[in-house]
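The two complexes that follow have subunit A in common; it is paired with subunit B in the first and with subunit C in the second.
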Partner chain A sequence: MIDANLDYIAQESAFRHIHPGTKLFLALGSLILCLISPTPVVPLISGIIMSLVLILPGRLSPAQYGKILLGPAIFIIMSTIVLLFMLGGGNVIWRFQPVPLIDLSITTESVRISTLTLCRVFGCSVSLFFIALTTPMTDLFNSMKRTRVPIELIDLMMIVYRFIFIFYEQAVEIWQAQVMRLGYSRPTEAVRSFSRLCGMLFISSWNAGEDLVRAMDCRCYNGIFPSLDLAEPIKIKSLITVTIYLAALFGILVVMTPGIMVFL
Partner chain B sequence: MNIILEARDIRYQYPGNREVIKGISFHIRKGEKIALVGPNGAGKSTLLQMFNGIIRPSSGTMLFDNEPISYDTSSLRKIRKRVGYVLQNSDRQIIAPTVYQDVAFGPANLGYDEQAIRNAVSMALRHVGLEGFERRPPHRLSGGEKKRVAIAGIIAMDPDVLVFDEPTSDLDPSGSEDLMELLDELNQEGKTIIISTHDVELAYPWADRVILLLDGRILQEDVPEVAFGNSKNVRKAHLSVPMLLELSQELGRHGFIQPERKPRSVLDMVHIITNMVNSSYTNTRPGVISVCNVDKECKTPLSVWIESRQNLVIGAMGTRAKQRASQENLALEFTYGVIDKCILRALRGLDSLILTPGSMVNRIFDRVDAYCSESGNEIAVIPMNNSNHNPEPGLIVEGNKESLIN
Partner chain C sequence: MHIMEGFLPWQWCIVWWIAAIPFLVMGTIQLRRIIRKDREYLSLLGVCGAFIFILSALKLPSVTGSSSHPTGTGLSTMCFGVFITSIIGAIVLLFQALLLAHGGLSTMGANMVSMAIGGPLAGYAVYYLLRNTRVNIYITVFIVTTVADLVTYIITSFELAIAYPAQTGGILSSFEAFFIIFAVTQIPLAIIEGCVLTLVFKYIVALKSDILIKLNVFSEDQISRASHNEDQIVHLEIQ
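Up next is the complex of A and B:
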């Protein structure tokens, strides 16, 4: 039923065996560098390199990766167009006045800022996708535990994670049953069918909640949710590679930022 | 045998005054295999949930180990440690995001230390044949595998009694057979097993005792041959008479066989028919059943041993034996009902090899012994490594069994 989602890709990733700490270090490191970079070059380089890493040694199919990036891409391209026309400053490059009083113009400053935003979002999204596509949630729970995220929160997250798939499957089943009986053939019918789907899901999640309590009671639940710590130990080699990469990225950032010499 | 669970005039009303259990009394002895059989809505699930105190009867007493169950938190924990309950829907039973965490759930909450938890989990996963699945998330497992995880989660707590609600309801036929075999293995290790089902074909050969439930009352409680033999009651309970039983009843009516002989398995049926037609089996020298304990290292490699024999077929009991067979690329002829099928083969003068986990060795010897003493046939069962010489038929040498188990 569920075969092409992020969790599936993460489970099958070639980087699955690398310690989640190393992967988090890489992703968060490049995320921060992308965010603080005043030039678009650093996030652009970071985004491209990480994408290549995901596709080549990571064995992620480019088509699948493209599909995943498509969602945020549409959103950010639309926002960039708005930014281009909204921001001002600098010289006017292009002006368009369809009717009196409405003046659309693109300036040098608006081009600079929107390019920077576009590249930053690209770099940051790829960093986040890197985690999502290589590290299953189950590995992240352990890292969270180690970084002292409150245990109650992690326990809840684990239960939520477990049940997402059950409810997703159930929703698909109900939806299919409705489609088979032409439940979405007319707009009014579609609204009615969808509301019924939601109602059914609510009832079944209520029942599942009661069953959950029973299942936990059956196994003498006493407030303990065991964790799985079977992750491979941190490998120095991969950690050094990541560190060198981040240092190089930082180097580029320093070189490309004219004013930064003042602080050094 | 000691009584482990007992019900005394149990009644239960759901809120809204619908009475689903209407006065039930029975007892279950240690080490028994019990099938609660009845149509949907007969109250099977409700009754099962009383065994570990999930549901408290409105009146009447449930006793565990001859003590009335008390419903305070600490007593309930004790009961639930000793009576494991496997839900019908394994998706609802599996709580944690990975197989390891789910199986470790019980032991962790019982306060085991880290090492003990690990041991309990690996023991349980080994039992159900899911070693190496520790990091898998449950939504990436098949229906049968999920069921096994759910069972492993209960086995890890090492209960004395295992209660299964409709254990085979969402499994395919071979998955059901594997599961019933696992239940046999657990029973062989001394666990009391109670299942609810409406599958009579499944319950008939498996159970020691059958409790027929209808409309919140016990219709009949007896050994399967008797409980299912009463066609009036069976019809009343919206069930059907098991095929073997129906066949033998019909043969009895036609005067071919004595009606009191009731076969529990194909082997029994063949035995009855053989006697009927006075077959010449006695002239054939029976084949030999060799037994290989997969939990023990063999002196000679399995494949070498098998190649040196002709006309040998191999049967495997339990998941571990099946895994071993697939590791060694052995073609399996029999994967369920293995002992009976090997006896049938031996009767035709042909040899077979049974791969088995250590816990089932005794069962093979017992079953063959029982068959031989009843039928007067003589079939040799020998450990694989000792069978290089040709044994005399009928000699189940004492010590053979020990050499397999130890």
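Up next is the complex of A and C:
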């Protein structure tokens, strides 16, 4: 089920009224810098700073933020353990050979790559969360319109977005009714109940689509959904702050990467 | 099962985005053509996209004790074809990243190639081979959805393997390791998803078969034959 809907948090964010372009510039800029960084320092610094920005001036509850980070954290810890044993190169730090065919070893190179991956996932995930936790989807649709994304795609996204919450409520209601009637008490019963839930959802979604067509026709739909763009104008002060932050992060990347000066 | 934000090196993010873009372009062109022909398809596709998003957010009952989420792309590829499914899949992946923190933007290309392109492409190939044969439509639906799911997992394992080749054995050994880890839970889950979507299909045939006829998923004759068989089973059960 949907445990945490980030869009609700974005609507309440203290950064809600900053121009989406500035927020996207900051988040995508730091995401790219974290991604290309060959050292774990840059994503680590970016992740910590962006988290502090979200919690302190962004007024996001630390408990809520921790809960959001927990999902990717479990996955990345498991993946790092796999990488630690699978990758090789360098000197062997630790070796375990329970039976002749199984040889588990950790090397210096596997530790380096695993640490880099761990920090990169942290830095990039926080950058993604920055967009998700500060910019509501409606603002992103307006930004897409300004960047000339095909209008059909944006309209399709808007319909999908509109109906996600309606169907989710329907699904939860059916789910709860089924649970109350012991619909998930046995594995075979669970498969049958779940199939009925999905089947009913598909049919009701189709009916909702047909109703939407009629409703749009009544309102003279001519292929374009006009929507009100209430974005605040770009503020030079916030844009300069973001540019300085990204330039500083890039500076750290250059300093920490031997050999990068050759390309610059 | 999506690759999370930042997990792939940047070179592979670019490669998978480049691989996904032609499908997105083709999907957009096809979407534009369909909407011009019949305006009501936009809203129908929209609600189907929302349906797939909700389907992928629901926990699938699992016999292995773990839980996973259906992809729903098998059903979509039979209803709308590969290119439209790639567009719907891309939108679902974007919303999953931004609303649920599943997947990511840099890894969206890789996730699109596995879930929105590779899986549906394999599913559609099976559907194309079986749709005009005498194979029961429910068996066709089961095979299509299971294959689409399994191919999604195979491609994801491959994407991870080429990004992180093992020291001994290289990409093949790494692929083996990732696939074995996923296979423990994902093969039973793919089979369960096949069963679930076959039953979903059965309910659609029983309650609103005109949707399937309108979308030309199966011929009117095949659907009436399937619903006739169901009536006979119900009749026997009552007797």
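Observations on the model:
Quick note on the criterion: the second predicted complex is superposed on the first by the 259 of 264 C-alpha atoms of A that agree within 3 Å, B and C clash if a C-alpha of one lies under 4 Å from a C-alpha of the other, contacts with A are read in each partner's own complex, and residues count from 1 in each chain.
Just so we're on the same page, a residue touches a chain if its C-beta (ideal position, glycine included) is under 8 Å from a C-beta of that chain, and two chains touch if they have at least 3 such contacts.
From a predicted model like this one, the values you see are computed outputs, not experimental measurements.
Under the clash rule set out above, the superposition-derived model of subunit A with subunit B and subunit C shows the two partners fitting side by side. Contacts of A:159 after superposition on the shared chain: both subunit B and subunit C are touched. Using the contact criterion defined above for the overlaid structures, shared-chain residue A:187 touches subunit C, although it does not reach subunit B.
Once the two complexes are overlaid on the shared chain, A:167 sits against subunit C while remaining clear of subunit B. Legend: residue contacts after superposition of the two complexes on their common chain; A:228 is shown touching subunit B, with no touch to subunit C. Looking at the shared chain after the overlay, A:208 reaches both subunit B and subunit C. One of subunit B and subunit C touches more residues of subunit A, and that partner is C.
In the superposition on chain A, A:216 contacts both subunit B and subunit C.
Look at A:82: by the touch rule set out above, it reaches subunit C but stays clear of subunit B.
Of the two partner chains placed around the shared chain by superposition, subunit C is the only one that A:140 touches, whereas subunit B remains out of contact. Of the two partner chains placed by the overlay, subunit B and subunit C both lie in contact with A:7.
The gap separating subunit B from subunit C at its narrowest, counted between C-alpha atoms of the superposed chains, is 9 angstrom.
Residues 2, 7, 137, 158-159, 161-162, 166, 208, 212, 216, 221, 223 of subunit A touch subunit B in one complex and subunit C in the other. Across the interface of their complex, subunit A is touched by residues 4-7, 10, 13, 28, 31-32, 35, 39-40, 42-51, 53-55, 57-61, 63, 70, 75, 87-88, 91-92, 94-95, 97-102, 104-106, 164, 166-168, 174, 177-178, 181, 192, 195-204, 207-208, 211 of subunit C. The touching residues of subunit A, when paired with subunit C in their complex, are 1-2, 4-7, 28, 31, 34-36, 43, 68, 71-72, 75-76, 79, 82-83, 86-89, 107, 110, 113, 117, 120-125, 127-129, 131-132, 137, 140, 150, 152-153, 155-164, 166-168, 171, 175, 184, 187, 190-192, 194-203, 205-206, 208-210, 212-213, 216, 221, 223. Listed in rising order, the residues of subunit A touching subunit B in the complex are 2, 7-8, 11, 136-138, 141, 158-159, 161-162, 165-166, 169, 208, 211-212, 214-228, 230.
Subunit B makes touch with subunit A in their complex at residues 52, 54, 76-77, 80-81, 84-85, 87, 89, 91-98, 100-101, 104-111, 117, 134-135, 137-140, 153-154, 157.
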